[in-house]
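Here is the structure we will look at, set down as structure tokens.
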């Protein structure tokens, strides 16, 4: 039992949700996206601001409509690890607030958050000049306040973290922009609830090529057949991370990589703008 | 002690900038300001930082609020889940407040289990909610003895700059007033509600809050008998004590706490309560403005 | 697993790879010899052991147990689906680096990767995707016993016994073979009317079935980018020189079932796409060889059974 927090009931569950029979939910068969204002290749507008956390060396807050997260950078400060290292260590920790998802999350870091932390540090390390800060740790803490789509949340975390690093004045080779996309089947193949696996393998013919939705939200993710998160350094033209899950043809993957790279270039402009703005404020 | 830094400053070899002085002798630095009746951030000793309250900022929560007091930013989200009631209170739900002071908000906090300060603030809010009977827990009953609502009230501190007590309690009260619970149907051990996107006045209810306690904190500088309203984190670190006055909207005291070694006279306490009355009215005005 | 590498060793490996000849004589695209064995643990529903010449040794077991279905409260999905629960653990004896809590991060990384690539859920664990057969290939609907109540849960546990580089490929090869080897008892469901059901697990060893969709499970090909080139099946020293790693999961029909970059370096987009393509073709060849081997083993067992001879596995400790 957790003695350091106010205790609630040992077990609590979310209530079952009941929709009236005639309720119309968004499905991929609909002409428009779930967010009707957007085209498949459109991202949600990004609000990015630095310097929200005044105790941190650098910080950034990012918002993609409902997706909201804050990032604080502390360091370089003396590392915890005792062994000598000529390179600094980039330590990322991401935490989803308990109320950030449809389902309530625990206070403790779960395995998924631990893995995500590792992914973030892998995505950001290529950009940071860790050789300039021996024996030190740079801590990046991210709190997800609200998540509307897992992929977009990871991508936003990467974007915000690299802006926060720059805001903290840590030397970097480039900014890292993160972008996500989901492959959503457009055909009626998913309408029948339980087609056998063999059907599904046959069903990936050219006629049912999935559509690529950039920056998918939660409702769209429910129908996704696969998804990709890409981290990219625009000036150096280097992919620093790629995470693809779900099944897809090679052509879809290469297409979405290209789309994501393109979108990262756009995000880069937003990041750039946010940083220039922060310099203006300091003057 | 007091004269030493001044002597150093006179000698040309030891001249240093104001920010260095602040780091080396935070107390002396502060006293230089306090002697002029102002604080380093430009406030008067008795003034509070600008405060804003925003409601319903988190759509995944059943109720939420964001409160900013100067550099302190907290977000409170309430999640309603279904649980079995306690054996001795079969018709009462749960109201579980917790404050998270995660390492993101200040370098003073480390990852891992909640710090002592987080535990203290959580407990303080828990007791205020419980002992002031803010919410009749019977309201949270779904089916007596079978199922009740459990309201998980979680406060996340995004940016820490002192006075977490006031910010957290304000955000909790604001979030609770923002809560909309979907009316449940209970059938054979299963609780069902309507979808979030179908939320309306018909199928949901708001909480009946009996009162809205809000706290007002002061920091005490023992040696100088200086009282600082709404201390920021730099002021907290040099203060020796803290007085927290919690009042409801009728001006009745809900809780008074004084921690730290600072001795305070009756006079001082009265002064605090007086100031707290004014401030809590102001806070309430800010809260109502936004709603 | 050595933790450090000298500049001279690094240089040697780098230049070798540039000339397409590696320290052990392989070319960039060559795998080491893989030994695959199934049915090595009698207490499990299915098991496999994979060894890569040079040290890596992975044991994977699958245990089928009955448990409650997991239903998503928001969408009601998952009521008619079984589950796959993955876990990867590196034995502390496998490498000096794994002692104490040293393997925690690696265990978690591999476990999450396996969960992502094998189970049907996509990237988002809190959302069970409505797309029926996910990347894992396994038909989870067939694992359901009574919709909304009971289902089979496949616990896939991989234990890394020895480390000699290229863990990811070995773990996934093992997992695929172990699930391929898995037999689940048949169940008989009785309708008691009134929405009540009862089921019975048939005890007969002959009355078992294979996991449907097992042939569609993916394997992984790990590509290590060293210098401007990429290699497969890296040795421990080569892994230390790796700037960036790309794991490509691919199934028999050549569909990509997941990719994940690792290590602290970047990859150019054009090279990335080239690596994905390369991983795909390599994976397809590899999967054909593995399938042939699995089939061969199954045929041999069947022949022995038909002749009435006892089926002896090589056994766990046989080399």
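Labels for the chains are A, B and C, by order of writing; each one numbers its residues from 1.
One rule holds for everything that comes next: a residue touches a chain if its C-beta (ideal position, glycine included) is under 8 Å from a C-beta of that chain, and two chains touch if they have at least 3 such contacts.
This one's a predicted model, so the numbers in the text were calculated from it and none came from an experiment.
Q: Farthest chain from chain B, going by the mean of C-alpha atoms per chain?
A: Farthest from chain B by mean C-alpha position: C.
Q: With centres defined from CA atoms, tell me which chain sits nearest the overall protein centre.
A: Central chain is A.
Q: Hey, how far is the Cα centre of chain A from the one of chain B, in Å?
A: 30
Q: In angstrom, rounded to a whole number, how far apart do the mean CA points of chain B and chain C lie?
A: Result: the chain centres lie 49 Å from each other.
Q: Using Cα averages as centroids, what's the distance between chain A and chain C in whole Å?
A: Here the centre of chain C sits 26 Å away from the centre of chain A.
Q: Considering chain B alone, which of its residues make contact with at least two other chains?
A: Answer for chain B, listing residues that touch two or more other chains: 195.
Q: Counting only residues that touch at least two other chains, what does the list for chain A look like?
A: 13-17, 101-102
Q: Which residues of chain C are in contact with two or more other chains?
A: 74
Q: Please output the residues of chain A touching chain C within their complex, sorted ascending.
A: 13-17, 101-103, 111-112, 114-115, 118, 121-122, 125-126, 149-151, 185, 190, 192-201, 204, 218, 221-227, 229, 232-233, 236-250, 253-254, 257-258, 261
Q: Any idea which chain A residues touch chain B in the complex?
A: 4-9, 11-20, 23, 52-56, 59, 66, 68, 70-72, 74, 77, 93, 95, 97-102, 104, 107, 139, 141-143, 145-148
Q: For a test of understanding, state which residues of chain B touch chain A in their complex under the given definition.
A: Listed in rising order, the residues of chain B that touch chain A are 57-61, 64, 71, 73, 75, 77-84, 94, 96-98, 100, 102-108, 111, 113-114, 118-119, 122-123, 126, 150, 152, 154, 156, 158-161, 182, 184-185, 190-196, 198, 233.
Q: Would you mind writing out the residues of chain C in touch with chain A in their complex?
A: 71, 73-76, 80, 105, 108-109, 111-112, 116-117, 122-127, 129-135, 137-139, 141-142, 212-213, 216, 244, 246, 251, 253-269, 272-273, 276-277, 280
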